[in-house]
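Below, chain A partners chain B and then partners chain C, in two separate complexes.
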Partner chain A sequence: MSTESGTFLDQFPAEAKVVRTAFYSSFVALFVGALMGILQVLHRTDVLRIVDSADYYSLLTLHAVLLVLSFSVFFLVGIFTWAVTTSLDRGLQDLRYTWAWYGLMALGTLLAGIAVLGAFIPGLDMSAAVLYTFYAPLQAHPFYYLGLALFIVGTWLAGLDWFRSWWAWKKDNPDERIPLPTFMALTTTLFWILSSAGVAVSVLAFLLPWSLGIIDQVNALLTRTLFWYFGHAVVYFWLMPAYLLWYTMLPKISGGKLFSDPLARVVFVLFLILSTPTGIHHQYLDPGIAEGFKFIAMVNTMFLLLPSLLTAFTVVASMEHGARQRGGSGLFGWLRALPWRDPVFTGMALAGLMFAAAGFSGMINAGMNINYLVHNTWWVVGHFHLTVGTAVALTFMAATYWFLPQLTGKAIWSKSLGLVQVLVWFVGMTFMSNSMHRQGLIGVPRRTAEPQYSGFDYEVAVGSMAELNMQVIIGGTLLFISTLLFLTVVVMTVIGDKVDGLPDNGYADTLSGPEDAPLVLDNLKLWAGIAALLVILAYSLPLAAIITRGGILGPGGSPSPQFVDTLLFVGRVAADTVGGVIA
Partner chain B sequence: MSSELEREIGHDEFDPVGTLGLITIYFLILVVLWIFMYFVEFAGGDLTVVGVVV
Partner chain C sequence: MRVSRAGLLVAIVIMVPIIVELRTVVVHLGFDVSLAETALFGAMMIGALVLWAMAPDIRGREPNGE
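Let's turn to the complex of A and B:
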């Protein structure tokens, strides 16, 4: 596959430096984010409150922004850069350009971080306690919005970098199929640009000018809807690189091959098409959006079950293939033949298991009526600590034990400690997330510094509130310890000496290769077009209704049942169209 | 890695029965939880939303 074998560092030293730097940035964010995480746990449960409860929301904002934007996204641009470079077997087109997008992302993180931390500097009139969703009328310092915008533009330029590599490669290899890892990076880039354009408009056209004082007010529902236009797709932006690792690394580490390259392509195409027109499922409880639009979002969401189940099947089948090649047998006996002592394998497998559990809470969230039961409770926080907080985060940590030697030429300092680390994360998250789900069911709210109310007790059906809180404390502490273990292994590895005899760079072969995949799957223009069309179908009417009713800069709104407005609006559009056609 | 392999299994000899078993179990768990949800949400007393609003 490669002109020159060896580690990624041997093959592409300059690109390895980029990926390494992206990873280190991601780990710094992980450390600060996890520190905020444990502080939140202790604050909410009233074990230790080192900040004023009013400042809790600054910690929470920092936690979320650093973990879901900086930690996840810095890591994933590293993975995609590795994936494209390795699978096309060619360096990036222009490294100055590459460093430029990295620089934008770093600057963006710094600005947003400063805006949040400014709240703790006495005398400085700066804060951004707007939480990760930054709903108006909560307002942040302009640095926060500017930072987010720069960060996102940085990721777009990164996506373009991967496209440039592919375009150049295609010139030299006109008749070849897009290698699978590159295909995954490109399809992800496409829906990421399509979806994050929404949040970019929200920030640049409304929130930033508003926080600079150029405009007086914004239409809160409009900015919120634009946020969620990106807010569901972004979860797939985090998840697709984890999928990439599950599809292209996990089979190899299990000792086998990827079950099916065509299925993998189908899955990524489905995510490209479906990830954006679903965002309204986060707004089931928002007044001002008609039920019908929410229903459409729900149906689109249910379609997403398809690629998720396809993934479960393909990934597990690939592991089974590996286990049987290693001598495993029996209906389930092969599970024992898997390399459970390898932290890379075990971390990713446990991450996948947690993701399966999250599938259930996700189904509850996705149902329009059942969602009312859990909306804005701690259930939701329990859910996404299983998805982004474990399926993605633990996969990334586990993958680090494979990538770090590839990027530094050094051996992992202690693989056994790595194994302990991934296990501790799994156990910690089991406690924390389980309790968060259960607390949510009895109505404990999320985003609350002091969820204790005088004259009111939660009705806990099984167990007690003290027991539930104890689980969160134990879980949160284990998670924090696991993070420290992870960073210890990383630092000790990086300061170690270079060694020889590291495994070669590469990824899994396939049982059924691209030659079995219909050519149309590689037609990225077609899929991007369909994705855009679905977005227009799902969003043009809701957005038009929100703007006509509330004004582009709001505020406004009518107390009438919203579906009446929408019916009238749809009627008017239909009448105009018919009129236009006749005239 | 490849040194640990005991045998090579090609596309046609590989029949992922274990995977089918695992996925079936997962599916059954989902169904059972789904039914359980009915009791948590509805049978436990008032309808959460309707009860509050009306």
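Let's turn to the complex of A and C:
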């Protein structure tokens, strides 16, 4: 940690500008995305339909892409840049390079946004209503794919930026353990590069050439599988900065120390090796993938519960330590001593609480048999509004109340309003996600502009459809209000005057530090190698089967180009030879 | 007060999902509860929580979460 006291702005003014810009970009995305969200709520429930139902899917695409990619990832790169800079106590290697990756991400977002919004401009032959899950057969304007590709390349370069900082630091500190925040950023970067390679192949090799008319068709199942290869790991990409904040900020704000640095490292290593070979659990209902592969994906997914449970234990233990340092006592009485008045603490704590609920609904999604009950229903939407929509988004908003003074040198305009904002979000999400889960259980579909059908009534287990819809409307409205409150506090803070006496930059100390962690945990090459191996084991056979059956460019027939046939032939000959020798 | 005002506010907010889910649970146990009855029961639960929070701590402890 820096020996120089002061805010992050005092210590690293140039890096603070980068982080600030990334945060502001994410807040713009949050506003537009939230606006699309409330419009969808009102449209689906038939309260207000200001666009044609055919255009609903453009709103849905914009809502999803802006919130789960732009809002979350712009915030993420800001957090990780802060984490690496602060914990290594050194600036980034080359700020021109840093601004270049930020520029790529911004340009990518702009291109993808233009492609989606083009649908609303009469006479413009542009549309990208392909949703966030942008696999074939839905096709978008090339700008959409190009924008997403630039955005992802930008994040890779950002990851390389953090690695460059670490490599430079390592030269000066060859015998030091990797500081925990940097360790978290680096492990996350590794699995992000590994997992997003799948969607990069899908976009660059298939979807973009297809959209440009260079190739006539694609193998839809292949693009789906490559998307989900990335599509589940990206969930952990959003979640890891939230975990970083729970591990490194929440204990400090609670008044204590992180319970265990080694456990935190184990958690991030587990996410590195387990995040990617799980994506096929999104494809349980895809007929083109054998059940055995799906079963393997289910087992891998269930293993992912372990790092989340370790996190729940470590973070709650750290909070309890903090509360007891503040004078709390008793079996549960220590809870009263926590700083509930502070929106940073309360927002993160409530986000963690909702994440626990999300874990339960996630287990339903992950179970191969029970998933069939909720697949493609509104249940799934309710689930991910608890994960990315609360565990991640609420943590980010709460963290903003700590980061904004660090980045601007200005005090938060109203912490009381901040507290109200995080509480309103929690209540709004309770109403909305509860109703989404319950509607999903009775078969109400997701991705549907008008889920009302003539001559058919859903069999609601408790209450009525009208009540469930009212719950969604109340919840969605509260969430939109909460977003506006958040942005109001941000804007009023930013336009305020600089003040003295702000807290120093820093993060939580540890009760059990890195000296207690086995050295092997810092061996990033080893864990990256194991992660790659697990991916090969989980995906090589399903991908080979999909290509063999459907053709690399589909549909059907022999895989093409010819080298795939050749590779498969050579593989068979080799296997037969080895089999013969063994026999 | 047994808890700080902010702590009480957070406790009330945390009761919201409990009240919402409780209705589902009791209906599955065979008790048909209307929306109005749920709201009334929720108000009673929150009222009881507020009364508990406002009462002085019998061991004389002060909330220190502010």
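By definition in this document, the second predicted complex is superposed on the first by the 555 of 583 C-alpha atoms of A that agree within 3 Å, B and C clash if a C-alpha of one lies under 4 Å from a C-alpha of the other, contacts with A are read in each partner's own complex, and residues count from 1 in each chain.
As a working rule, a contact is a pair of C-beta atoms (placed from the backbone, for glycine too) under 8 Å apart; a residue touches a chain by one contact, two chains touch by 3 or more.
Small disclaimer: the values here were computed from a predicted structure and weren't measured.
By the touch criterion stated above, A:K252 is placed in contact with chain B alone, chain C being left untouched. Shared-chain residue A:L310: touches no atom of chain B or chain C.
Once chain A of one complex is fitted onto chain A of the other, the partner contacts of A:R326 extend to both chain B and chain C.
Applying the stated contact rule after C-alpha superposition, one finds that A:I370 touches chain B and leaves chain C untouched. Legend: residue contacts after superposition of the two complexes on their common chain; A:T346 is shown touching chain C, with no touch to chain B. Of the two partner chains placed by superposition, only chain C is touched by A:N434; chain B is not.
When the two complexes are overlaid on their common chain A, residue A:F360 makes contact with chain B while staying clear of chain C. Note on chain A: of its two partners chain C and chain B, the one contacting more of its residues is B. The contact surfaces that chain B and chain C form on chain A in the two complexes overlap at residues 326-327, 339, 461.
On the side of chain B, the complex with chain A involves touching residues 1-2, 4-11, 14, 16-19, 21-23, 26, 29-30, 33-34, 37, 40-41, 44, 48-49. Across the complex, chain C is touched by residues 326-329, 333, 336-341, 346, 350, 353, 357, 419, 423, 426-427, 430-431, 434, 438, 461-463, 467, 471 of chain A.
By the touch rule above, chain A contacts chain B in their complex via residues 252-253, 255-256, 259, 309, 312-313, 316-317, 320-321, 323-327, 330-332, 334-335, 339, 356, 359-360, 363-364, 369-370, 372-373, 441, 461, 503, 511-512. Of all residues in chain C, those touching chain A in their complex are 2-4, 6-7, 9-10, 13-14, 16-17, 20-21, 23-24, 27-28, 35, 61, 63-66.
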